[in-house]
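Common to both upcoming complexes is chain A, partnered first by chain B, then by chain C.
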Partner chain A sequence: MVNRKLVKALKFRYVLLAAVLIILAGGLVLIPKFEKHVGIAPELLLSNAISPERYISTDELADRIINNDPSVLLIDVRDAISYKENTLPNSINIPLENLLNEDFEGYLNQEAYDVILFSNDSFRANQAWIICNRLNYKRLHVLKGGINEWFNTIINPSQPTENMSKTAYDLYSFRKAASMFFGVKYIDQIKKPEPKKVYVAKKVTTTPKVVVPKKKKKKMPIEGGC
Partner chain B sequence: MGLLTLINTIPYEWDNVLAIIIGLAFGFVLESSGFSSSRKLAGVFYGYDFAVLKVFFTAAVVAAIGLYYMDYLGFISVGQLYVHPTYLWGGIIGGAIMGVGFVAAGFCPGTAVTSAAIGKIDAMVYIGGIMIGVFIFAELYSLFQPLYEGSFLGNITVVDYFDLNPYWFIFILTIAAILAFILTDLIRKRVKKVFY
Partner chain C sequence: MKELEKTKRISIAAVISILVVIIALLTYKRPKHMYAINPQLALEQTISNGSVKLNELNSETIIIDIRNQFEFEKGHIENAINIDASDILIEKNIEVFKALKNDGKKVALYGNNPTEVIAPLMILQQLGYNNIQILSIESSLDQDKLVTTNAEIEKKGENINQFIQASINKVNEILKEKPKPVVKKVPITKKVVPIKKKKKMPIEGGC
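Up next is the complex of A and B:
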């Protein structure tokens, strides 16, 4: 009726179970350890990396700065010397080497501002972006092309040729206006104060000419302010 | 993270349903393994039945080993698990009070409910006692508050606090558990048997 061999074996069942527990726990000690993946899941990092939100173009950034967008937080990841030489207005200097410094964590690890990282080109800013992304910081962007691109498009925009489309001309005029906002002076704009002096003497004759420059005169004081 | 993300895919509204199902299963297992008997629970203190100690120690060791294997294989992340916050003196004094209640009545709160469910009157009285205790605590909360919220150590574990290697800690804990089982078995054999 009762399988005697089974009964004999089951006599040791507690010993066997204890042995299994010890072997499993010992295995936990003995298994080779490996460096655990720290930070967000690789898949998430990858999807963040290919997201179009990763980059912000210089035109978009210029537009947001000119419109006094309060949610923009510019972070210069170059070293302090380059930061002193030239940088974007109202930016904070966090050199890439000091990125994980606790003092700067408040700027990077937050959800109130759009953090825009930039360097001379996109390279160092992208490095900072990857590091901060792995730490699961939110709302991070890289200025596409960095300061070089900023200079080429906003500060010194290239004039479109005659065979280019209207959008190219619109873009150029936007960039030109933006560069004036950031303090660039164009020869055709500088001329205008001269007729202004004449303007006092001959009111009637020069009025039609002055109408156009007057608009631009309004922009000039803003330049000085910045 | 794999298993944890699977849990996250369950809609929030199902939480209570799952809680009831898990609770029913827990109560069923408690009752079917005899834990609704206050004599069995009190047996730990009198030395004739160590089932409670064995069950809880085995559960802790099995869960710890299982969790760390799953952590090793990447199914879950131990760092993401919820750790209950530690209030040191509140825990010590509250634990002592609960121990007195445990040995006096022969129930822990969970087993008291299962016993009440099978109609044991002493368990119902015990639950009434819990309610009175809760009431007293709530009424005198301002008196107990410094103890209740004091000596807060954060969401720590033994491994974090003493900076131990978790794998070695689990191994030593397992050995300790098995030694405890052997020792309690020896005690049980010497103590006069109680039939219940």
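Up next is the complex of A and C:
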């Protein structure tokens, strides 16, 4: 009797097992939810995004450009019109809406260059940085203050006043030299070469006077021997 | 009888394997916070999500201060709630955001400047809280009072190329204006030449 019942139950054993496996397979339907969950964990993204270590100052960037640092790659995330109007030297334009375009992935998802994102201020560049950081792209930086800060510090640095410290003067002279590197000309820098010409002219007048009498003295004895 | 034993073994093995799968599923730790949108969608939302100005706020909007507690206690916008930017993912605070979203209320975040708000805003947005906006103000503390000014985001500054061109033009103009001093220098060099001649003459005569 027991045996018969067992046999009856065992009749459905394959059906039961198959049913369980199908139900488990149905669990795969839930997985598309995870599809959107790409990138690093939100907690990590938050701590990365709050930390200011991604910022690079305009002075540091200017220094690296002037020293021909080959690892710097500048990316302008503004639209194409603003990019044409004015930008930083040797920069690439990746408008923010095309940031995840496959064409540009090679520029962003790499480890060979220090990519520096910039926009008018650091707002759009920061948004681009957070999206890229979620995708775990490495070596991305944001230019602190963006082009406006670049203009105010490097292209058109403000002169320190008399009561400021020596470091402020040193910084100003660096920035002024940097701005000249990027093409700005200063009136006081033009005046300087002019006085130099005057000095040269004076030297010309004085040196032959000194040299010529010496020659006379040396030549005289030889001539006399003759 | 032997056959029955065989099928028994098969079914036992099958049951065990199913158990393993079920245990694995149960022990799988779901991440605490899940992104609700993929990066592409997040980017689109970020671009389209504008900022709101202080005078555009209505009384329905909840204002959240993302500065730290110390700064908040020194001074804050009236009726603002304080949630430090680094604490937005704490369970208690996520509950607040969830409740606000379910109530259909709009939320405006502010900090010392709009750029500071980007990080918490974008993360909340990517977690699916799309009722949040940036309050575009710059705030600073002055004698235990919060002073706010409207901030312009992505303000277009002066054109660098034009500035450089202008500086070059200015210099060129000045250079054009000063050809006279160069002319004056020429007679000075002329004076030098006759002196040399005079000195050379006596040498030749000595021979």
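Convention: the second predicted complex is superposed on the first by the 152 of 226 C-alpha atoms of A that agree within 3 Å, B and C clash if a C-alpha of one lies under 4 Å from a C-alpha of the other, contacts with A are read in each partner's own complex, and residues count from 1 in each chain.
Going forward, a contact is a pair of C-beta atoms (placed from the backbone, for glycine too) under 8 Å apart; a residue touches a chain by one contact, two chains touch by 3 or more.
What you see is a predicted model; the values in this text were computed from it and never measured.
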Which of chain B and chain C A:Ala41 touches, first, second, both or neither: both
Residue contacts on chain A - larger count, chain B or chain C: C
Partner chain in contact with A:Tyr169 - chain B first, chain C second, else both or neither: neither
Chain B versus chain C as contact partner of A:Gly26, first or second or both or neither: first
Shared contact residues on chain A - chain B and chain C: 21, 24, 41
Chain A to chain B touching residues, read off their complex: 14, 18, 21-22, 24-26, 28-29, 31, 41
Partner chain A, residues of chain C touching it in the complex: 4, 7, 11, 14-15, 18, 21-22, 25, 31-40, 42-44, 46-47, 85-86, 88-89, 114-115, 118-120, 122-123, 126-127, 153-164, 167-168, 170-171, 174-175, 178, 181-182, 185, 188-189, 191-192, 195-196, 199-200, 202-203, 206-207
Residues of chain B defined as touching chain A within the complex: 1, 61-62, 65, 68-69, 72, 167-168, 170-171, 173-175, 177-178, 181
Chain A - residues contacting chain C, complex: 10, 13, 17, 20-21, 24, 27, 33-39, 41-43, 45-47, 49-50, 78, 82, 85-87, 96-97, 99-100, 119-124, 126-127, 130-131, 134-135, 147-148, 150-152, 155-156, 182-187, 190, 194, 197-198, 201, 204-205, 208-209, 212-213, 215-216, 219-220, 223-224, 226
